[in-house]
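Both of the next two complexes hold chain A, though its partner changes from chain B to chain C.
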Partner chain A sequence: MSSEDLQDTDTEARFEFKKKESSAFQAEKGLTEETIRVISEDKDEPEWMLQRRLRALEQFQEMPMPDDWPGAPDLSEVDVDEIVPYIRPDIETRGGAENWEDLPEEIQDTFDKLGIPEAEKNALSGVGAQYESEIVYQNMKEQWEEKGVIFCDMDKAVQEHEELVREYFMTKAVPPSDNKFAALHGAIWSGGSFVYVPEDTTVNMPVQAYFRMNSDGMGQFEHTLIIAEPNSEVHYIEGCSAPKYSAFNLHSGGVEVFVKEGAHVQYSTVQNWSKNTYNLNTKRAIAEADATMEWVSGSMGSKATMLYPSTILKGPGATDNHITIAFAGEGQDIDTGAKVYHNAPNTKSTIESKSIAKDGGRTNYRGLVHIADGATDSSTAVECDALMFDNESTSDTMPYMEIEESKVDVAHEATVGKIGDEDVFYLQSRGLDDDDAKQMIVSGFIEPITEELPIEYAVELNRLIELEMEGSLG
Partner chain B sequence: MATLEISDLHAEVAEEGGETILQGVNLEVSSGEIHALMGPNGSGKSTMAKVIAGHPAYEVTGGDVLLHIDPDEFEGVDIDDDQTTWDLLELEPNERAALGIFLGFQYPAEIEGVTMVNFLRTALNAKLEEREELFEDEDEETADGGDTNEDAAGYDTSPMEGPADEGDVGVAEFQEILAEKMELLDMDEKFAQRYLNAGFSGGEKKQNEVLQAAILEPSIAVLDEIDSGLDIDRLQDVSKGINALRDEQGSGVLQITHYQRILDYVEPDHVHVMIDGEIAKSGGPELAEQLEDKGYDWVREEVYEAA
Partner chain C sequence: MSTQVHAAIDEATVRQISDDLDEPEWLLETRLEALSALDDVDFPDVIKTPGRKWTDLEGLDYDALVDPLSAAESKDQVGPADAEVLPFAEAVAEHEELLREHFGSVVAPETNYLTALSTALFTTGTVVYVPEGVDAEDVTVRTEMNSRSLFNYTLVVAEESSSVTILERQETGEDSVAPTAQRDEGGEAAGMDGDRYYSGITEIVAGENSYVQFGNLQDVDESTYVYSRREAAVDTYGTVNWIECNLGSRLTKSSVESHLDGDSSETKIVGAFYGHDDQHFDVNARVWHNAEHTTADLVTRGVVDDHARSVYEGVQHVGREAWDTNSYQRENTLMLSDESEADAAPKLIINNHDTEASHSATVGQVSAEDMFYMTSRAVDERTARNMLVEGFYVPVFEEIEVEELRDDLRSRIQDRLQARA
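Up next, the complex of A and B:
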């Protein structure tokens, strides 16, 4: 494989190139039982996992596309019958490219523009990532194993922590029946992370999994399962903050988080997908009594994204906080938000959503807050702010509030603004040029997100947005 | 020594059928001088300030705004003899800032999420960089506008603060400059970590404008109603800052004001009265006192009689 083969950034051309590699599956059009069996066998999975996959496949085939929602992104190009042939090439490239030079130029360029050092580039891009990640895992393991913490590849977890996985995997938080793409995910999921934190244990450094997103072949359907036992604490960070090279046009991940009594989990992600990707994920947490769940996410790239991390506040006193940021440029439809179910008294939630739209892009906040009858003394505060660069871009807000209990405190606030000429002029009059002035305003706008993230992620998020604004990401 | 020379300046609101506001302004401000520009509401004072700084909402339809600079005042930049006069109307707002024009706003923008310290250091470095580019570009066409990979070197500090080594003035050095200037203006050091003007009181905003002028060290500072809405203590602080601009940095100040009040603390060398988009009358400090006593109508009458 030479870089010349991949230089053409035209989606079609890349797809064609990948197809050549996928001759094994060429004959298999559409998602079939046979395909699922091959995946499962390839992974040497136990019978119960195969059965779950097959059941999910049935559900996927029965469910309709979510195309009847008001203002839903156009998914008509997502051809389910084309999905399976897309899997094989990724298996072929498992382990990533062997050399930095073999990576597509656009990826190399992006890393250069991000100012990421070579070693980190290799890890991020998946070059030698398995080697790299082994080392990283090893170091982490020694420190945490003594405390009983588990952090490993999800495929490996199925083998080594079978009982835990069997109990929690797509049974309680995200059943395949949740939505069509959760079902698809259940059928063909692969890779991802497994995190288990025992009772009364605090993992005081963030558990990071960005380095392995590309290395693990079918990462486009990765599954993340986090189990935090009572009174434990962990901050998990997932994602790759560089654009993905992918012949796939569909990413459908699944995230399940179990926050037991008094535990505290923060899940942070900064993800940037190639502009031909449909990013359709299902992420859900279940928070028991006095537990705290925090979602921090930056969604960049993709042609269309539908992503609404959700939390079920199951026990009294549970808390949920969401901070999300979305960026939509030309031809992009980023439909994100949050869902919270207050199912117990004294539960609290906050949702802070920020979006930026530019060059005709569309952002939409789609949120649902449900306060069940009997969830007394609960409170929720939703704030969505949209920033637009021009008159071609659009931003919508669709907050749904289902309040079945009267003794609650509910607040919703939404602002939509254009980057103000007066603000830009003010900064220009102080010496910043037009681009730097706008960049500074956007950096300030997303500051609530960046301050929640470890510094490397915050820096990369800032740089990514800067590059998006310059229009220099492909 | 820099001189701002405005001659026969005409400007209108930049939209179809936009109202004509400036109708032939003539004014000259040199560094080391304080000029007070007074006049009734709607006479064009703020418009003129914005036109000098390059606000896109106004279109200049005639006249010149020139800046004559003294090469010796630009440290570290080689300036040829033919680069001492600049036509500001041909420059972007940030290029005007780089040459030493500062506009103090009556209603400064509030920028959330951007700390004062980060903003001011970024502005100072941007100004220094732009300044080099302005003179380089004139010098030789081959001059490189700057290496785009330069700022990709990574960050040592908080991401919101930018790379530690970017620009001429580093983080530590800047902290010192800022602390010193804030002390001069009796500003609480907590200001440095607050977001730019966000949640500032009217008085704090005005003080902040003067602080910015103190840090950016302009050759000509145009201060638009910097005294409005200030209590007496804050007025004194702001006045102290304006005097320091002239006395310690040698800036020229064009101070737009409605009231005689601030002129008790900042004594102008020249006072001008703007009426209907023109400088109707100029004089010394005594003119301000006359205006205080008699209002603006007598100036208007005088002008019409002369016409």
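Up next, the complex of A and C:
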């Protein structure tokens, strides 16, 4: 499928279809020590991982819900006892099939509709696909394997790259004690991607993973761990989607990125969760001296999202860029933003956030920029723009800035506006109908995001937004 | 001033205050209700980020600090003949109906712990009443605090099509006796020798088509903890412009809020602060757009030096019915030292899409290029820096229409810069 074909595909058919549930193993609802032991045993994990899971479970039980923040989304419906924390899909090749053709037809069909194998053929260095809780397909082009690049699913990484995982997994970037859902994640994580790029290696094609939730009332807790050794470079892309079900779903992923001295990592994601999914993630990068971390994210779908990718600029000269877009339609509360800690001199960060709210949806930019004492000559620029379609919607902006160092340059700017009548009139007077005119304005509004993404994702993002807007205009 | 008996925060104290002021029963009741609410209401909102509370108001020992029966102040309350500027006790006697209607109508006594404490215990105050159609200039209220604690209350009622300019200031009297300790066992930090507490509540009721400019200069001594809350309810076509300058105190929590309740009402909130030594300023500017075609402009500029710390929160809240809203906010902080800290949290809460809104905040230091430019023109470094800091405040000076306030603020900033090593 070329990108034009992708454009022509009926996006609704691509994302809203739903598969018959069939699984080899399904954990009991709820979260107990027993469940954790079963998951760990089923994955044949080393003892230390089990111990980490159990410790995280304890922390989860002790920690309060993040519901005392100003304007925080309503999480009262999130009852961990009601979710199924772990489902292993019914395939024989555990840990991922080598060839696409080895996958059960249903799963092949699912990912075909999402355009995954084509995207891989065309532009990617490697692809992983997660269905429910486990990676079902994993491939990496040989040329990268030869250079020592590792791209595999996390469960496999625990077995095959134990030392690396033991050192980095939820120890430095996202400890389970970070927040309640990081602790939950630490207890029942399953699947996800492991990317390791050796020193001085540039992976010049993106690596990609795709996650899909397909079962009613399940939780997905994939873990992504990216280690980029000094002076290496990699672009990792993640896509997520889930169709709509009646019971609520919980997605509580964890992403940890280690950007070593002089390395450059871009992490891009376009997420389109079903409208009953609670998307509560913790994503954090640690950037060493002269390293560059870039976050590009599109948050679509979900009932409520709380997601604030963060970067700790640990070494002098480290740089962080955030580009985010959020879209909230009816009944959705998308609370996203970015966090940056400037802990060293000469560190730089930029945050560019765009949000669109319509049909009673709420978007909120919630950000934190912290400049520590001693982080001299650091600079940060934050820009948030919100677009509102109608009067049922809400758009908030809550940036926080903690500045402990005087030799810095800090700026925050935010604007909110409606779709300009003049702009719509201008386009209509040139023969576009109202819907197309608004669609075009929105596309222009989000362009800074789409131009950072590979074409497949940019097209997908545009199509998703089109889909969201269909029928709601005019 | 008695140091023998320290008044407790209890019913007897409240009754005595009310009795001394010869208050009617309803006002005593209001005070007693506020007193009993102390057990239930929260402290004022302060910004929290994970692991951190930006201003700690609960850490103060109010029982030790607060002694309303020993309150002493000297006060100037002057205004033109056509408006009434009355000490609170006199206003109670002469304008009971006016008070009954408006007292607590804008700043609800039970807003939080500190407003409830103020309502229960205030001993001094001013009522400014501007009748319909009257243009009143130059109302001045000066309060000199001469005791360990002081609770002050200001009510402004501007009737339809009236206008008034009010200048308030708070200072510590030079002859005020240093308060003696009411030390806890073990002598905790709060409520130690020399600490004072000042609380000021201001309510403005701005009638249709009225215009109120309220300037405030807080310059109490640096052992004083200050809580101040000013709120205005603005009716159709009305305008309330605030100027809030904070220079003194050990710690200040200041909130200035405008409720744009009538169509086409407007507000401007201009703030200035200068923190040095170990001063802590928590400055809030908030506007509630509750009606159509309302406009707000929030401008705050502040400097932090030495170990001083500033926390700024600005809120622009656009209600669902607030069609055609215009709302702008900007905040800039200049840091003069490495030990200082400046935190900022501008917030936009937008519920109506027919809105044009923006906010911005910056934190930085005196620009190196500007310094170079000045020194290359033979201005010595210190003078150059002082000129640039003064220049930084110009956008705030420009918003201050009252010349006296502008000059006072400017000269206090100059003093502080001169005193700088």
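By our rule, the second predicted complex is superposed on the first by the 365 of 474 C-alpha atoms of A that agree within 3 Å, B and C clash if a C-alpha of one lies under 4 Å from a C-alpha of the other, contacts with A are read in each partner's own complex, and residues count from 1 in each chain.
Everything below uses one rule, namely that a residue touches a chain if its C-beta (ideal position, glycine included) is under 8 Å from a C-beta of that chain, and two chains touch if they have at least 3 such contacts.
Since we're looking at a predicted model, the values are computed, not measured.
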Overlay on chain A: chain C relative to chain B, clash or fit: fit
Partner chain(s) touched by A:Asp421 [first = chain B, second = chain C, both, neither]: first
Touched partner set for A:Pro46, first chain B, second chain C, both or neither: neither
First (chain B), second (chain C), both or neither touched by A:Pro198: neither
Chain B versus chain C as contact partner of A:Pro206, first or second or both or neither: neither
First, second, both or neither for A:Ile446, with chain B first and chain C second: first
Partner chain in contact with A:Gly360 - chain B first, chain C second, else both or neither: neither
Which of chain B and chain C A:Ala458 touches, first, second, both or neither: first
Which superposed partner A:Pro230 touches (first chain B, second chain C, both, neither): neither
Partner chain in contact with A:Val408 - chain B first, chain C second, else both or neither: second
After superposition on chain A, the shortest CA separation from chain B to chain C (Å): 14
Shared chain A surface residues [contacts with chain B and with chain C]: none
Contacting residues of chain A [partner chain C, same complex]: 68, 70-71, 179, 368, 373, 386, 388-391, 393-418
Interface residues, chain B side, partner chain A - complex: 53-57, 92-94, 96-98, 102-103, 105, 108-109, 111-114, 119, 122-124, 126-127, 130, 149, 151-155, 158-160, 195-196, 212, 216
For the chain A and chain B complex, residues of the former touching the latter: 112-115, 117, 420-423, 425-434, 436-437, 440-441, 443-448, 450-451, 455, 458-459, 461-463
Chain A partner contacts - residues on chain C that touch it in the complex: 45, 47-50, 52, 320, 333, 335-365
